[in-house]
Each structure stands twice: as structure tokens, then as C-alpha cells.
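You will see chain A twice below: alongside chain B first, and alongside chain C after that.
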Partner chain A sequence: MISELLINAFLVTIMLSIAIALIKTRTVIFTVILTSAYSLVAALMFITLDAVDVAFTEASVGAGISTILFLAAMAYLPKKEEESISSEFIPALSCIILGGILIWCSYDLPEIGQVTAPIHQHIAPEYIRGSKEDIGIPNIVTSVLASYRGYDTFGETIVVFTAGVAVLALLQKKDPTKKNKSQPKQKIRKNA
Partner chain B sequence: MHNNSILRIATKILFAPIILFGLYVQFHGDFGPGGGFQAGVIVASAFILYSLVFGIEAGKKLFPSNINLILLALGGIIYGGVGIVSMLLGDEFLAYNILGSSPRSGQHIGILLVEFGVGLTVSNVMIALFNAFASYDKIKEK
Partner chain C sequence: MISSTIGIWNYWIVFCLMMIGLFLVIGRKNFLKKIVGLTIFQTSVFLLYITFGKIKGGTPPILNETIDSIYSNPLPHVLILTAIVVGVATTALGLSLVLRINTEYGSIEEDDISAQDLVDYHDDIETGKSVDLKFKQ
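Let's turn to the complex of A and B:
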């Protein structure tokens, strides 16, 4: 229990210091690298909560591929962020109020791992039983993701697909015009 | 970056193991942590690493854009197709029980195919996004 508390305190301290560094830095590449580091610490945080699948996703997607994509997109940004002219008082105030409300609400949450918590009473026992007996897969996360919640995962896949197609449509916008410009030239050459 | 021999050799050594690890995560998702989303990202990272070190043109030669776009759509089609097949066999959309000889084997087949569809779409979307960002510059310069 004490060791868990120490590990959590350690991870939260690192996360907080990365967050403060993120606010302070004005160089875009540092922002990208720090976001990646933040995701990695978040992945460790998920491991301490025994959510290995989520940690795996956070490490590969959050810390891995999104960093690469940010770096690829970064080439079109100015190297440094501009200093904001507007006052930082109202954003800071709203953050403090929102954070305060969240901390206040967190006291009403059941303790982590408590058996009598509503989340363990509703449909989870059925999934844990059914995953073993009806589906026969040791990893309950996979059976919930692909079988019990197959519709949701289908929706997620379509969202990823749509996002990819949307970015391709936006970025390759200039390609057809080039082709249209080059095609008439070829025709002229052929006619000549 | 193209002349750095350490990067080139390390990429050549790492490329196959990364894809192997991706396949392990993909098809071992039933038994351990992992699944289509993570595996797709890992496989995509191998191709992106290749493109980063050897250049975007070499990357496109290794994995042509038109195949990339076809596979990108195919993943979603496989996922939806499993649902349609289970409907044609007389059950509900995405009810895997009917796919196999017993409900359990049906579930196994359904989950395997569905996860494969997810992995295919995710990996190809990531490669396509990277290629789109990396090639955008050249289009602008012309």
C-alpha cells in the first residue's frame, strides 16, 4: 500500500512538472517531446491501475505515433510560439475553478477497487462470467472490445478511417490542380 | 540522414522484428494485452521508420500509396463484412456465434477477423497520414 502510494506520488510529480514545463516552453519541438513524455508517464499510471491494455494503447498511440505525426506536421509551423498578448487572468481563474470542482467531486467517488462500487455491480459480473464461459477468451478486455461492444469498436474504426480520409482530402487538395494543369500541356504537345 | 550508416543499418535490422512484434500483438490480443489498434500502430511505425531514414520516395516504393489506400478501406470493409455475413447466416449484425461450428469457435473467428480489420485500417491510416504530411511540402514547393 505504501509502495503504491509512493509510486503514484512519484508519477504525479513527474506529470505535474512536465505540465508546468509545457506551459513555460515556447519552442514547438519541446512542446511535442514533452507531450510524448507526458503520455509515457500516463501509460505508467495506467499500469499502476492494472489497465494494461489502456497503458499499451497510450504508450504506442499517445507517446509513439502521435509524436511522429506531430513532428511531421510541425514542419509547416513557425519554430517558436508567439507570446500571447491577451491577459492570462481569466483562463487561469476558470482552470482553478474547474479543477476545484473536479477535486471536490472526486470525494464522492467510491474507493478504487472497492467491490461494492456501482461499476462492479452493473454489467461487469456478466462480462467476466460470459468472457470465460460463452466466448472462451482469457483477455476480458478483448472480448468486451470486439464482441460485447462490437458496435462501438466498429464505430471507432470508421472514425479512424474517416479522419484519415479527411486529412488526405485536405492535404492532397493541390494534387489534382497540378494534374489538371499538366494534362492540357501534354495534349498541346501531342497536337503540335 | 540518408548517409548515416548507423541509422540505415539499425533500420534494416529493426524493420522485420517490429513487424513481427506487431503481428504478435495483433493475433495474441485474445490472450494478453494488445489488439488491432495497438498492432496497427506498431506495424505502421515500422514503415514510417523506413520512410524517415531512407526518404519518402523509397518508402512509397516499398509500400505504394494506391495499395495503402485500398487496404485503408479494406479494414473497415472486413469489419462490416463480418457483420453482414453473420446477418446473412440468419443472426444479428456482428453476432459471431453463428460463424463457427460451435458458438465459442464462432466467437473466436469473429473476434480474430474483426481485430484484423481494425489493425489493417489503423496501420494504413497512420502510414497515409505520415505520407500526406511528408509529401505536402513537395507539392507546395512545385
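Let's turn to the complex of A and C:
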């Protein structure tokens, strides 16, 4: 049992190092590739945590489609990130304080993998029993997704549709018969 | 001691990842980096949920007649499956907003954009144009 947890701890530490590299890098292509690697390691973590469906989706959607979107957007954007003039001290300090509070609270959380944790008591045993008797699908995740919580999936479809419409509205070409009001303004120097 | 540290080590690192994501969103001025920060934050929240659902010695929640096994909690898996797809929709929307900002301003740095807005504002005041019109068009 302890080996499972060790593998988890190792993988999650790799994720931490990738995230720190993301803070350091200022080149856009490195940022995109590191994000993709982060998603892939997250997919590995999901496999060791028994969430095979989630791992599958994360590897294809999180590491695949997101990366394609980022690469496509990258082609039209500046390749380098500029150093910001304002200080990053206050955001960093507030993040560190919030993280400290969260880690302090983590002592109240149940240890990983305990059967007595509250999350395993309430409705999950019903789903596991009902998946075979009521629905007859061996994959419990599928039966919960499509049957018990079908409304959630319906709402997700609406969200994706809305996002698609919004992306189309934002990226549509301007009507050439109208006067083009918004020329890209001249780039001004930072200290202007 | 060691086993209890390993038992909550995942939580600690996941909280650190969340804070790194939050820092990228609020600390960096580059809009693409902000969206990357959102992605990092999302994925770490997914990890937190899936970690809650794990049972020691459990198997993936797929019914199996031959061996008598204990299944990990399927409910967080379902919620996170939904959240991953919604997360990609958010990323796509954010990236298209960034592209639109880049065509309007020629830059995706927050400092540049607010400086340009300030210059426009003062130009409008000097030429005697009503400032409100600028926001109505």
C-alpha cells in the first residue's frame, strides 16, 4: 500500500517542479510545452489514483486539445513575454499566506485512501450497487455520468455550446463594407 | 510519522500547485500566462478531488465478477470528467479574447494596454470630446 502512495508523492513532486519552471520561463513556446507536460503527468497521477476515465479524458482533452488551442493562438501572438514593471511582491505574498493557511487546514483532512473518510459513506455505495442492478453497465462512472447525474452532463453540453458561440462571435471577421474604426494603435513605450 | 506525512503529502503539493496557478493569474501581466495559470489551477483542483476519491487497495470503479474487490469512489471521477471538458471550453474562450485584444491593441501585456487607454482618455479630454461616447461606441 505504501508503494502506491510513494509513486503518487513522486509524480506530484514532478508536477510541482514543472509548475516552478512555468513561473521562471518567459518564452511562449516553453510555456505551452510545459503546460502540456503538466497535463500528461496529471493523467499519470489519475491512473495511480484509480481514475482511469479521468486519466483518459485528461490525456486527450487536457494535454491534446488544449495544447493545440494554445499553439494555434500562439501563432498570432508575441513570442516573448515582457518583464513587468510593477512589483510582483504583493501577489506573491498573498499567495504564500493563502497557501500556508490551506496547508495548515490540511491536518484536518482525512489521510489518503482511508475507507472511513466521510466521502465514501454517503451516496457512492448506492451508485456502486445500483450500477449493476438498475442500469446494468459495468463501468460505474459511465452509469453515474449518463444516468444518475445526466442533468450535469446536459448542463456541460450547454456550457460547451455557449463557449463555442462566444468564440465564433469574438473571432469573426469584421464586415469589410463598414469603416474600419479600430486600427491597431501604435505601440507606445512603457514609460509613456 | 512517515506514513502520515506521505498520507497528506499530496494535499500539500496540490495546495502549492493551486497557489502557483493563482500567482500566475494575479501576478503576471501577460494575458497568455494568465490563461496558463488558470489551467494549472484547474488541474490541481482536479487532483484534489480525485485524491479524495481514492481508497487504499481499491480498484478502478469497473464492476468485476471474478475477484471480490473494493472500488474507489466513482462520484469525484464523474464530476471531474465534466469539469475537464468545461475547462477546455473556458481556455478556448479566454484564448479568443486574448487574440481579439491583440488585434485591437497590438499587445497582450496589461501595462501596455492600460497605458494606451490612459493616452486615449487624455486625448479625448484635450479635444473636448465627451468621454462617455468612447465607451458607448
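One rule holds for everything that comes next: the second predicted complex is superposed on the first by the 170 of 192 C-alpha atoms of A that agree within 3 Å, B and C clash if a C-alpha of one lies under 4 Å from a C-alpha of the other, contacts with A are read in each partner's own complex, and residues count from 1 in each chain.
The criterion applied here is as follows: a contact is a pair of C-beta atoms (placed from the backbone, for glycine too) under 8 Å apart; a residue touches a chain by one contact, two chains touch by 3 or more.
The model shown is predicted, which means the values in this text are computed figures rather than measured ones.
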Superposed partners chain B and chain C on chain A - clash or fit: fit
First (chain B), second (chain C), both or neither touched by A:163: both
First, second, both or neither for A:171, with chain B first and chain C second: both
Chain B versus chain C as contact partner of A:57, first or second or both or neither: both
Chain C versus chain B, contacts on chain A by residue: C
First, second, both or neither for A:113, with chain B first and chain C second: second
First, second, both or neither for A:150, with chain B first and chain C second: first
Which superposed partner A:69 touches (first chain B, second chain C, both, neither): both
Partner chain(s) touched by A:138 [first = chain B, second = chain C, both, neither]: both
Minimum C-alpha separation between chain B and chain C after superposing on chain A, in Å: 7
On chain A, positions contacted by chain B and by chain C: 52-53, 57, 61, 65, 69, 73, 76, 138-139, 141, 145, 153, 156, 160, 163-164, 167, 171
Chain A - residues contacting chain B, complex: 52-53, 55-57, 60-61, 64-65, 68-69, 72-73, 75-76, 134-139, 141-143, 145-147, 150-151, 153-154, 156-158, 160-161, 163-165, 167-168, 171-172, 174-175, 178
For the chain A and chain C complex, residues of the former touching the latter: 1-2, 4-6, 8-9, 12-13, 15-16, 19-20, 22-23, 28, 31-32, 35, 38-39, 42, 45-46, 49-54, 57-58, 61-62, 65-66, 69-70, 73-74, 76-78, 81-82, 84-86, 88, 91-92, 94-96, 98-99, 102-103, 106-107, 109, 111-115, 117, 119-120, 123-124, 127-128, 131-132, 138-141, 144-145, 149, 152-153, 156, 159-160, 163-164, 166-167, 170-171, 181-182, 184-188, 190, 192
Contacting residues of chain C [partner chain A, same complex]: 3-4, 6-24, 26-30, 32-33, 36, 39-40, 43, 46-47, 50-64, 70-82, 84-93, 95-100, 102-112, 115-116, 119-120, 137
Partner chain A, residues of chain B touching it in the complex: 25, 29-38, 41-42, 44-45, 48, 52, 69, 72-73, 75-76, 79-80, 83, 93-94, 96, 103-104, 107-108, 110-111, 114-115, 117-118, 121-122, 124-126, 128-130, 132-134, 136-137, 139-140, 142
